[in-house]
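What follows is a group of structures, each given as structure tokens.
What follows is a pair of complexes built around chain A, which joins chain B in one and chain C in the other.
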Partner chain A sequence: MSVLLSLKGLTLYYRTRRGVVKAVDGVSFDLKEGSCLSLVGESGCGKSSMAYAIMRLLPRNTHTYCGELIFDGKNLMDLTENDLRRDFWLKKMAMVFQGAMNSLNPVLNIGEQLAEPFTIHLGLDKLEALKRAAELLELVRLPNSLLDKYPHELSGGMKQRVVIATALSLRPKFLILDEPTSALDVITQANIINLLKRLQEELNLTYIFITHDLGLSSELSDYIAVMYAGKVVELGDIVSILTAPKHPYTQKLLAATPKLLEDAKLEFIPGSPPDLAYPPPGCRFHPRCPYVMDVCKVREPEPVKVSSEHYVSCLLWERV
Partner chain B sequence: MGDFVSSAPVGLKSVAYEVSHSKSGLAGIIILASILLISMVAVFSPENIIEKWNDPQAWLDKPRLAAPEWVTIFTGQNSLKTVIIKQEDFRKDVQKVAGLNTTKIELRARITYNYDTIPTEVNLNLEIISETRSLLTVRWVRPDGSSVLLLREAVEAGQKSVFTYRDRTVFENVQAYLQKLAAPSTLSVGEVLFSSEDSLLKGTAKLLKSSDVKPSRPYELVVEGVSESKFFDVNAQLNLLGSVYGLCGTDNMRRDIFVGIVWGAPIALAFGLVAALVVTLVQAVFGAISGFYGSRVDEIIQRVTDIYLVLPFLSLLITIQFIYKTTIWTLLIAVIALSLFGGVTKSVRSMALQIREEPYIEAAKSYGASRPRILFLYILPRLLPYTFANITVSVPAYVFLEASLSILGLGDPALPTWGKIISEAFSGGAAYYGYWWWILIPSIFIVLVSTAFALLWYSLDKVLNPRLREE
Partner chain C sequence: MPAETLLLQAKDVKTWFSIGRGIVGKSVYVKAVDGVSVDVGKGESVAVVGESGSGKTTLGKTLLRLYKPISGEILYDSRRIDNLNEDQLKWYRREAQIIYQDPFGSLNPFFTVERILSEPLSIHNIAKHYSEMKEMVNQALADVKLEPPEMFASKHPHMLSGGQRQRVAIARAMILKPKLIVADEPVSMLDASVRVEIMDLLKGLQEKYKTSLIYITHDLATIKYFSQTLYIMYAGKIVESGPTREILKEPLHPYTQALVSAIPDPNPENRKRYRNVPAGEPPSAVSPPSGCRFHPRCPYLIKGKCEVEEPQLIEIKGSRRVACYLHTK
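Our next item is the complex of A and B:
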């Protein structure tokens, strides 16, 4: 399998009143075509900012945006926004936003909504675009009768499916799913995950799946990247991460996940994620780390290869 | 595949359907449609009413300051509506007096008069065709057989109007008649003409109806002309003007207020609608651009709006109108030009600021929608309910504005507008003398227009605002 997406030192800082927030701070990884990478981490650790950085959908208050972002052999950094709009967004890469409930235009009905990409990009007339919209609904297993319904008439799961359908309208091969199942009940979550799995097989999609639910991520992904304070602290294939986590943060995160068959007491990680405007020096996890050493407070860890596809950024492992 | 297309919304048609199926919408549509219908009459009428409106000669066959006819329902009085005896309704007798070479023409009009009031005016229009002077005699014969001489004089050929109540010769003749009867000379010409001679002998004036004598007999006007001319001819028209007239009454220039209402309707609608639509939409678009684009664009639009907001709108309009005395359409352009930015810009901007941060805007951006597309398809529709509300509120406001300018004497100098009718009522002392119809009827129409738009908006909002839609 070839590499579809390759990040090298991807950085995204925001300008805020409190100072410069380092939301994504030098993230590097490669993503193979047809695989799924889960980005997990606590709230506010830069998961969604990663998504925006990869999509190059930058907020108004962007301070720094740099690094290398190679998608399908092209460095997206070299392209203008118009190039992206014309050739990439929706045609090659698309994003399903956090909170699908609010990702639909409340004044357009589902038909018009789904027809939008065809009108914008392909210049189809209304009738033709509506026909394509109906096909999209079929793709995500929704009835055609939804075409003239408005978003507020749909259930959360239906809206999520519509949002996924919109993202797939021009058949991109890469999809960023930003917490596509948050705010949905578990049955609907399962349905959506199954749908995503099926779509991945049918359309040979590559996913980046952003979630804070390790259980869900294990359902869908081949790789897991654990983010902490704007950095990827551990990256590996799903089996090694879930069975043999190396980074203390990953270990703690897993320990904090409820397990069905064990009656173990849930652990929690003391403290809260750092303020990204003023992250701690050295390893960003050191104030909360149970194995903290003096060197952790000064030196930033580099990724260490643990096994063929397993990397960890921790000074404990650098030593070994 | 075929059936889903038909189930997709058909736009205007379905909106119209739903509006017309709600009670308030229907009421609004009915009122507005009636006013529109009235406007159509005015717009497509071949008559040049606007010229006629300002020509005092054109309204002589209408009573002055007559109340609407339907007030008789409430007063219970059988008040005189206008009675016009046209020249073909006069019985004409032509006699050639042999040897003397003279022609004698007698015209006789019969008026069955059973009303409870005497006419406010009795006017006689004569047309005399002759090459020499001719002798004209006009007599008034009451049902009781008594007669009053109104006129006996030598007249030149041509048109002659005799306003019997105001004519000097008639007055003198009537005074002479009263003296003969030894009746008080304070009685007016009208009272004398329409009273029985018996009551005049007693010194009072009692209205004599045709039905008071048995068998019932009409009043008669007899015009006699004698001339030596070979082609001598006399024609007459008699107008008995009452105290009630038409649907809406008349003003102090005898103009039918109904005509003013009908011809004022399209002007009021056009002025109100165009001003409200253009002003609100322009302000909303500027507000949305300001909120959505932000930064320097926002700053410029907001500062310009601030300047517009402190402009003394009415004073400027008055100045413009005072100096240029423009037509109402130039005034409309001035109104729009003075309101390109304003309150709507400010409130729409604040709403746009909120909407532009919503996730669906970001989603739209991610599927490649351009900025103008997001502005017009994603942000502006969300502002439509507010904008529509504003349009409906401002239509009456602009109709009122036109009325206010008219009251200040700054309206269109030629067109009959509702505001101008009220302004003329104001200067004609209608409120003081109690000519209520002159004020109330145009006011009611202004209120009707506002009500219609309010009702219409109420139901439009239910349809257009997806949040209020119920399935």
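Our next item is the complex of A and C:
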């Protein structure tokens, strides 16, 4: 499988009143075509910012945006926004935003909303665009009768399917899913995950799946990247991360995930993630780390390869 | 359950909301809770699990008498509370408290933490003077591990993190030393790591003060940390009840089975399989399906029976009950 997306030192800082917030701070990884990478971590560790950095959808208060961002053989950093709009957004890469199901336009019916990308990007006439909209509904297993319904008439699960359909309208091969099921009930959530699995098989999609739930990430991912305070602290294939996590933060996150039938006592991680305007020196996890050493407070760990597809940034592993 | 260990008992409670009149002039109702019976023992912790729209929050609020049921009986300590008016209920407000899901919406942003916590004390005339009130507020803050209390007492909610706010909400519920707490999804808006901390805290306080807890959630994975007894709710009805562990190990109702199989455990094997869950959505509470309300989504539908006659919640073994024709002939 070829590499679809390759990041090297991707960095995104925001300018705020409190100072410069280092939301994404030098992230590097490669993502193979047709695979799925989960980004997991607590709120405020930069998961969503990472999605914006990859899509090059930058907010107005961007302070620094740099690094290498190679998608489908092109460095997106070299392109203008018009290039992106013409050739990339929706056509090659798309995103399902967090809470997008609640930002469907309440005064347009579903057909009009789904037809919009076809009229704007492909210049189709209204009838043709509606036909394509109907196909989209079929793709996400919704009945055609929804075309003339309005968002308030739909359940949460249906709205989420419509949002996924919108993202897929121009058949991108890469999709970022930002917490696509966090507001849904468990059964609806399982149905949406089933749908995402099917779509990936049918359309050979590449996903980046953002979630704070390790259990959920195991549903879709081939790889898991654990983020903490703007950095990827551990990255590996799903079996390594879930069965042999190396970074103390990953171990703590797993120990905090409730299991349905096991009786293991749940642990919590004392303290909270640092303020990204003033992250701690050295390893950013050191104030909460149970294995902290003196060197952790001054030296920032580099990623260490622990097995063929498993990297960890922790000084405990750098020494051996 | 013998009467002396029983704290709260609801018998066939119905809470309907009128949403105007239909075409023939008859009132149309949302039947949010439609004939539910629940027993809560002293110091016991029960969980009510269901999807959004199943009526679990309405049930919780009805048991607290924040809503008045249209029929049925609610007995608290053998006293009927379902037919009391607001003035007659004041003693009950002191005995029973609620913790809401959203710690961002449930705390008054204009109040300091101290004012938030002292308001219940002044409403119920509990503190005799300022220093006593201050002491109780500090104790409540220490109980929820917001220490040092003096530092937190002067803060406003916007200065606190989500986890800290939920601690304040717990402290506010606990400060009157209630005998009953309804916790409505108290951890669902929190991060996984904070969630465990808050669950531990709530459980610790519940055990320390021997408070009865009604834990309302859609998340089966967290309930066994709280609850010995479990009620599964679907479309305004209880479809299964019994000891939590037994239900999780061997769910009997097809809806419970779906709920259990929908929960993602962190397991690399998940990648390869599709979840076996029913498609479709929970039904409308205005005109629920005939017969068993789960029948349109049920994989084991018995034609000519399930859609005709409503199954009753029947005891099948020990303290387990289920409303399903697969188990009750």
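Definition applied: the second predicted complex is superposed on the first by the 319 of 320 C-alpha atoms of A that agree within 3 Å, B and C clash if a C-alpha of one lies under 4 Å from a C-alpha of the other, contacts with A are read in each partner's own complex, and residues count from 1 in each chain.
In this section, a contact is a pair of C-beta atoms (placed from the backbone, for glycine too) under 8 Å apart; a residue touches a chain by one contact, two chains touch by 3 or more.
The structure displayed is predicted, hence computed values, not measured ones.
If you put the two complexes together on chain A, you find that chain B and chain C both fit without a clash.
When both complexes are overlaid on chain A, the residue A:266 reaches chain C alone and has no touch with chain B. After overlaying the two complexes on the shared chain, residue contacts for A:313 are found with neither chain B nor chain C.
Legend: residue contacts after superposition of the two complexes on their common chain; A:160 is shown touching neither chain B nor chain C.
By the touch criterion defined above, A:239 lies against chain C but remains apart from chain B after alignment on the C-alpha atoms of chain A. With chain A used as the common frame, the shortest Cα distance separating chain B from chain C works out to 13 Å.
Put simply, chain B touches chain A in their complex at residues 1, 4-5, 7-9, 294, 358-360, 362-370, 373, 377-378, 381-382, 384, 466-467, 469, 471. Considering their complex, residues 55, 57, 60, 85-86, 89-90, 94-95, 97-99, 102-109, 111, 116-117, 120-121, 127, 130-131, 134, 144-145, 147-148, 150, 152-153, 163, 166-167, 169 of chain A touch chain B. Residue ranges on chain C touching chain A, taken from their complex, read 51-52, 161-163, 191-197, 199-200, 218-222, 225, 248-249, 258-268, 270-271, 274-275, 277-279, 281.
Touching chain C in their complex are the following residues of chain A: 42-43, 155-158, 185-191, 193-194, 197-198, 212-222, 238-239, 242-243, 252-254, 256-261, 266-270, 272.
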